[in-house]
Amino acid sequence: MSQTPAAPPISRFPVPRLEDLPEDVRARIVAVQEKAGFVPNVFLALAHRPDEFRAFFAHHDALMLKEGGLGKGEREMIVVATSAANQCHYCVVAHGALVRVYEKKPLLADQVAINYRKADISPRQRAMLDFALKVALRSQEVDDSDFALLRQQGFSDEDAWDIAAIAAFFGMSNRLANSFDMRPNDEFYLMGRVPRQK
Amino acid sequence: MSQTPAAPPISRFPVPRLEDLPEDVRARIVAVQEKAGFVPNVFLALAHRPDEFRAFFAHHDALMLKEGGLGKGEREMIVVATSAANQCHYCVVAHGALVRVYEKKPLLADQVAINYRKADISPRQRAMLDFALKVALRSQEVDDSDFALLRQQGFSDEDAWDIAAIAAFFGMSNRLANSFDMRPNDEFYLMGRVPRQK
Amino acid sequence: MSQTPAAPPISRFPVPRLEDLPEDVRARIVAVQEKAGFVPNVFLALAHRPDEFRAFFAHHDALMLKEGGLGKGEREMIVVATSAANQCHYCVVAHGALVRVYEKKPLLADQVAINYRKADISPRQRAMLDFALKVALRSQEVDDSDFALLRQQGFSDEDAWDIAAIAAFFGMSNRLANSFDMRPNDEFYLMGRVPRQK
Amino acid sequence: MSQTPAAPPISRFPVPRLEDLPEDVRARIVAVQEKAGFVPNVFLALAHRPDEFRAFFAHHDALMLKEGGLGKGEREMIVVATSAANQCHYCVVAHGALVRVYEKKPLLADQVAINYRKADISPRQRAMLDFALKVALRSQEVDDSDFALLRQQGFSDEDAWDIAAIAAFFGMSNRLANSFDMRPNDEFYLMGRVPRQK
Amino acid sequence: MSQTPAAPPISRFPVPRLEDLPEDVRARIVAVQEKAGFVPNVFLALAHRPDEFRAFFAHHDALMLKEGGLGKGEREMIVVATSAANQCHYCVVAHGALVRVYEKKPLLADQVAINYRKADISPRQRAMLDFALKVALRSQEVDDSDFALLRQQGFSDEDAWDIAAIAAFFGMSNRLANSFDMRPNDEFYLMGRVPRQK
Amino acid sequence: MSQTPAAPPISRFPVPRLEDLPEDVRARIVAVQEKAGFVPNVFLALAHRPDEFRAFFAHHDALMLKEGGLGKGEREMIVVATSAANQCHYCVVAHGALVRVYEKKPLLADQVAINYRKADISPRQRAMLDFALKVALRSQEVDDSDFALLRQQGFSDEDAWDIAAIAAFFGMSNRLANSFDMRPNDEFYLMGRVPRQK
């Protein structure tokens, strides 16, 4: 995790050293490093505020790791589509990698980020993303008709909660990353693009 | 907390009964009820998902109850100004009450909600809200110049983090409340308006 | 009507003294003072230009005091909803008071101002406000289909004229109040909120 | 004023016959007909509501016929620029004719309507139209800096009132004309374009 | 083509003299001058870059002079409506002249430029312009439903290509003219307005 | 160039077979195939209209292959940034590949596409893209100040023409690709991402 002097900053705020972090925060970071092979910069950037770090990742896990009607790759598609609308560098790159990995479709993340209406997705996924974008961009207009459209595509109301909550949570994440100049790790860009690679 | 049949729903999702909630969630709700005299509906609405409830309020507390360069009333002013931009019924009404109570200015919350540029606030508070609105509405354009403007008004960079994080967190809250049709308690509307009242 | 030195200005333009005004303008102001118990600031601010004052209030009365398919409280709801879209401090506060007084619903004005789509209103009133907002924000797109929607809710075409004309008139009023920094009287904020108060 | 059957309607509302109108309204219409050679349709369309007609034209005259720092042609330029932003068919065509006639510049009205930033106008007129457009499109942001810019170009604060009030009044007029499908008279289109013509 | 000193510039870039141009470019300009009686300024302004000149006018001719389901006047209506949305001084004035000449309707171009929804056009032409404006302003949302609407009005898919391609080509032209401060010839303003004139 | 039945369509319009194309169009396509190793779909999609094909690629070459103050990779950066603003699937993917190849920076294209303000570019390139985006999104506001900003960064006025013309040309291309559902070749997505690959 030591950085060579030339590396561009990953946040406009101070980035703590691992050894200075509270034990639980450090443990979480070590765990993700062991799993991913590197520490995604969002962990280091948010560790500047341990209490906010804990709440943020607890919320993240509650929404992204749970079982339910939405697949893991579909949850990440929501992140990519709404983060692209918010022009969030970090989230589009990092979660685009997860879309590719989970869906095993190397082209899908770029398609969803650029214009999800033209992406290779099912009508059900299109309805999911239409709703997510409405939550992200004009939630004040959400009403019964939106839930009816989701039900027509087989989504339960609990799934609708998930879609809205993911769009809302990453709306927060996008604003933090944009405001803090959070930089995605270089590793994310290529992940899931080349078949034999992880 | 029992509701008369005529009361309008406080969420489009099921609202759990207190006795069915995990102990820590129930304890948190009982504590706020004892302090405020009633249970703000956001606690009941989000208790439908205990894990998300815990993360949400932990994040809330980390941002809104901490010490720092921003006063408690100023933090609430950020909530009201950004929630008005997102047209969030729940947050404008509930946090408008807190602006009145903390600032002891019965007119301030309405002014900030309608057009913060015309509100009775200091130039420092104006800069704070200008930044908060930029984070809320076009965070992709945030850059060094925004932090420079805040410093000119005496804000530290940690204060800037607070402003951005509050705007971002309530951007999430606004989207949840709008999507779930969360209804503010009637009690909030009058709170802090009449001198001798609490 | 004399002001203590500390009172914030009610307009960025000179505010005439009552005794310097033409007789008919003064009479109108005295009459409203006797009825309301205070002089709403818009009367003093616009009295700087007596001819414009006369036309403005004649137009106001023609639209707001007439009989017709719209109730007095409904007319004020149109004012509040469109003035909130234009972020007009004066009109939202002053006419919000009238919504509360006429409709005898202390919560309604805030609901309509923040997001009329979530307010406690009837489907008929929702259609009325949808049309008013379309006139306020994108009148170039108004067409037969808008009038058909109103008719479905029982509005006559004369009612439609009223809705459009109120939205248009207060669109003017909002722009004047915003440009002149017109300040609403403190009295309006609490009016109609507490049951036993007037 | 009788219309051949083929003539397209001038309003979606009933248009009264001259002989059915109150005496003062009819007199006003006859006067304008004698001066212009035809009755501009806005007089007939608004005569459907005599009280609103009286207030509207009294307001119009107070703003457009008064002496002051703005020339008659400049006042009409404000109307054309703001009405074009509101896409108001009636006002752009009718007041475009007046710009040509008063300014004796046959190209000016079209330039102002299409993109006033590229029109053959003075820096002073550019500042005037910049302010008028701000009042028309985002009056909630008007502040001291706008008045300072106008003063730099030699405008008094009373001139600033005029600019704002004209932009606001025709903002109302645009919304009425758009909502009522008001049709400009054919005569306006050519007026002032050909040198020897009136 | 020599210009008197007082003439305003027709481009912010150097305008070549006819005699300095490559033979084919000069021939094209001479031909249009013989036909129209003057040289439209776009020819002179773009001749600064002969290769771009050739491609631009070849593309123009391929779209505007071809046979097909769209009439010549209808093609020009697309240009006027989309150029008005882009506020392009040159294209609205020059192609407005062509609408008047081809359609022999002296009022039509102004109507289409100000608000095509209120213009004297057929339902078929309304659908054509609705699609053209969608291509011009939010092409990312174009989908099958747009083509279905066009087919309902009798347009073939090849006609749809034409509409989209004209809107796209003049979207380019608008951006060039706006960026280069291209000025329309005075001759265009009156063309087609007076019956006996050409 | 034969397609397996399962391949998704590359255009909503008929795609001609190479052997049915005019000789010059076919020769151009064969040449690009020999150079790139595959035929970019835009060549096949536009070949449906040979005259438009010829003009389009002549224009493309005049702007993208010329010498001048802008590097080849910089020209492609303009394409990617403006095409992302227009949400054009084809252009972001295809020209993103060219950015990576010409600039030899595998991360740059994604950065520019998501939010060019946060990309690893020089201040000069930032000014170039700011101007390109202004041309793409609000060319009606371009004025002298934009050219002054470019000159401050060392751009000549001819460079400014190039930037504007590239933004305008690809604004056309984006609208065509979006309207025709043009699909980028799978090959583009990975190109330039892996060091040893071409």
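Here are some notes:
First chain written, first letter: the chains are A, B, C, D, E and F, and each begins at residue 1.
Heads up, the rule we're going with is that contacts are C-beta pairs under 8 Å (C-beta built on N, C-alpha and C of every residue); 3 or more make two chains touch, one makes a residue touch a chain.
Predicted model only: the values in this text are computed from it and were never measured.
Traced through touching neighbours, the fewest hops from subunit B to subunit E number 2. With steps allowed only between chains in touch, the distance from subunit A over to subunit F comes to 1.
Averaging Cα atoms per chain gives one point for each, and the point farthest from that of subunit C is the centre of F.
Separation between the centroids of subunit A and subunit D, computed from CA atoms only, is 52 Å. Chain centres here are Cα means. That of subunit B falls 28 Å from that of subunit C.
Here the CA centre of subunit B is 45 Å from the CA centre of subunit D. Residues of subunit F in contact with at least two other chains: 87-88, 115, 140, 178.
Taken pairwise by the contact criterion, the protein chains fit none of the simple patterns, being neither a path, a ring, a star nor fully connected. Here, these are the chain pairs in contact: A-B, A-C, A-E, A-F, B-C, B-D, B-F, C-D, C-E, D-E, D-F, E-F. Put simply, subunit E touches subunit C in their complex at residues 115, 117.
Residue ranges on subunit A touching subunit C, taken from their complex, read 140-141, 143.
Residue ranges on subunit C touching subunit B, taken from their complex, read 8, 84, 87-89, 92-93, 106-107, 110-111, 113-115, 118, 120, 178, 181, 186, 189-190, 193-194. Interface residues of subunit B facing subunit A in the complex, by the touch rule stated above, are 12-13, 48-49, 51-52, 54-56, 58-59, 62-63, 66, 86-88, 135-136, 139-140, 142, 147, 157, 161, 164-165, 167-169, 171-176, 178-180.
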